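In what comes next, chain A is part of two complexes: it sits with chain B in the first one and with chain C in the second one.
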Partner chain A sequence: MSLCPPYAPFFGLGGVASAVSLIKTSVGAALGTAKSGIGIAGLGTFKPELIMKSLIPVVMSGIIAVYGLVVSVLIAGGVQPKDYSLYAGFIHLGAGLACGFTGLAAGYAIGYVGDSCVRAYVYESKVFVSMVLILIFAEVLGLYGLIVALIMNSRATEAPACL
Partner chain B sequence: MSENVAVSKVTTQSVEQSGALAKLLVFSIALGVAPLGSYYLSLNYAWNGNATFAAITAVALANVVLVTFIIMSVIEEKHGAGVSAKAQQKPETKKTK
Partner chain C sequence: MGYLSYYTYGFPSFLVVVISLYLLFTDSGEAFNVGRFLEETSPYAWASTGIGLCIGFSVLGAGWGIFITGASILGGGVRAPRIRTKNLISIIFCEVVAIYGVIIGIVYSAKVANIPEAELYTRENYFTGYALFWGGLTVGLCNLLCGVCVGITGSTAALGDAADPNLFVKILIVEVFGSIMGLFGLIVGLLMTSNADTFKGATLAVVSPFVH
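== the complex of A and B ==
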């Protein structure tokens, strides 16, 4: 069993985009955008002047997708056709999984918090500050996954030379 | 009479919305272009091929775009509240005459 089997890039590319990181963060961002969009549509019928402020959950969901995009680009720059060990492939798969699942969780949280806080913003304007604070905490979950993915990816170049 | 009022409301709303739509387009494009562009630019010119720092730069720039959007929406709400209050005062003075 060699250290660089030919099926090693399968795991690396699985971490990149076609399976894990970008797909899962996109699902999280879509959940966040859809759920908070329902609340914004409800708010827009009562108070149209508050719409620009209530679009903040949607922008934060977009940033979750940007996290997944950055990790995908980062890993795709490290996958090689030759001299690519199975160790590096598993590291890249793990980095993609870390970023993808945390992005999914963060997008889900942003969606539900955005929806209910935006509906409450119609009646009480002081909800805005607490909404931004809660959304920042939800977004930081995705940031943690990105940091772990970055740290893992930096170890992928330590792989021993292939024979 | 109510039809004229409704038409004028729709035209004013569409004028306001076109400005808001342009701002949203600019922010959407910035949210997509800024992280990717900064990743590749900083990878080659700033960090000498160290991909981790380039990714950190891209994420920091994406968060800067987010903070800019939040600040801009708060400022616009203060301006919008001032303008709509002035617009409501004028027809009242005409009625009192």
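== the complex of A and C ==
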């Protein structure tokens, strides 16, 4: 069994796809945007002047999508047809899955928190600060995944040379 | 309701356990070989599946978004007919997602060329096959999610507009954030296949002992 079989890019490219789409950051970002958007529309019918401040959950969901994009671009730059070991392929797959699943969780959290907090903001304006704090904690989940994915990706360059 | 979880989790696990034990006990454990499967399937299978899923999922997302938004526009338009023309923007946002799928489908199909079987199985052709598969899946699923998201926010924009005309532009901002996902899928799909050449024959092809 060689170190650089021809099917190694299958796993590396799977990592790229995982980071941005399959289970992952896109699902989180889409959930976050849609759920918070429903809450914002509800808020807007009662207090239109508060809409701009309530766009924060939507922006944060967009940032989750950007994390996925960054990891995908980085991994896609490293996958190539020649001189690509199975080691690098599996590391890229793992990095993509790390970023993807954490993005999914973060987006899910941001969506539900954003929706409830924005609906509460109609009645009580003091919840805004707590909303931002909770959203920051949810966002940081996605950031952890990004960090781990970047660390793993940097290890993939130490791959053994192909014969 | 408990029986549903038996069917979805219990039955597949049971099948997996039975099949793996069968392979183990009949001395054919070597038959389970992921590497062999990946090497002996034709790159055309991967490439074509990717392109098909790309356009399929993109159009599914666009259609889903359009019906979610359209139902709300038509419903809201009964009591507030002024919303009908302005909210067609949301429908166009969903349509754009299908256009992305078409573009990527055309760009990917340009990489598929006819090569005789004996010269097909080279490293570069394997890479192109995998890249088109994963790229198509990425673009398709990103567009699917984007289309549904834009559809939901478009529906709330229409109903908000029916309640108060000043709300429309503000909720449109949320829709724009939703549509960036389709764009990211497009970017990553193009990046993945930038290293992939079109299918090329080679004099000294067949890198794998599993291909006959």
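Here, the second predicted complex is superposed on the first by the 157 of 163 C-alpha atoms of A that agree within 3 Å, B and C clash if a C-alpha of one lies under 4 Å from a C-alpha of the other, contacts with A are read in each partner's own complex, and residues count from 1 in each chain.
Convention: a contact is a pair of C-beta atoms (placed from the backbone, for glycine too) under 8 Å apart; a residue touches a chain by one contact, two chains touch by 3 or more.
No experiment lies behind these values; they were computed from the predicted model shown.
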Fit-or-clash call for chain B and chain C when the two complexes are aligned on chain A: fit
Chain B versus chain C as contact partner of A:Val16, first or second or both or neither: second
Which of chain B and chain C A:Pro48 touches, first, second, both or neither: both
Which partner, chain B or chain C, touches more chain A residues: C
Partner chain(s) touched by A:Ser154 [first = chain B, second = chain C, both, neither]: first
Partner chain(s) touched by A:Gly37 [first = chain B, second = chain C, both, neither]: second
First, second, both or neither for A:Leu74, with chain B first and chain C second: first
Touched partner set for A:Gly62, first chain B, second chain C, both or neither: both
First (chain B), second (chain C), both or neither touched by A:Pro6: second
Minimum distance between Cα atoms of chain B and chain C in the superposition (Å): 5
Residues of chain A contacting chain B in one complex and chain C in the other: 48, 51-52, 55, 59, 62, 66, 69, 73, 77
Chain B residues within the chain A interface of the complex: 13, 20, 23-24, 27-28, 31-32, 35-36, 39, 51-52, 54-56, 58-59, 62-63, 66, 69-70, 73-74, 76-77, 80-81, 84
Chain C partner contacts - residues on chain A that touch it in the complex: 1, 5-7, 9-10, 13-14, 16-17, 20-22, 26-27, 29-31, 33-34, 36-38, 40-42, 44-45, 48, 51-52, 55, 58-59, 61-62, 65-66, 68-69, 72-73, 76-77, 79-82
Sites on chain A touched by chain B in the complex: 48-53, 55-56, 59-60, 62-63, 66-67, 69-71, 73-74, 77-78, 132, 143, 146, 150, 153-154
Chain C - residues contacting chain A, complex: 35, 38-39, 123-124, 126-128, 130-131, 133-135, 137-138, 141-142, 145-146, 148-149, 152-153, 156-157, 159-160, 163-164, 166-167, 170-171, 173-175, 177-178, 180-181, 184-185, 187-188, 191-192, 195-196, 207-208
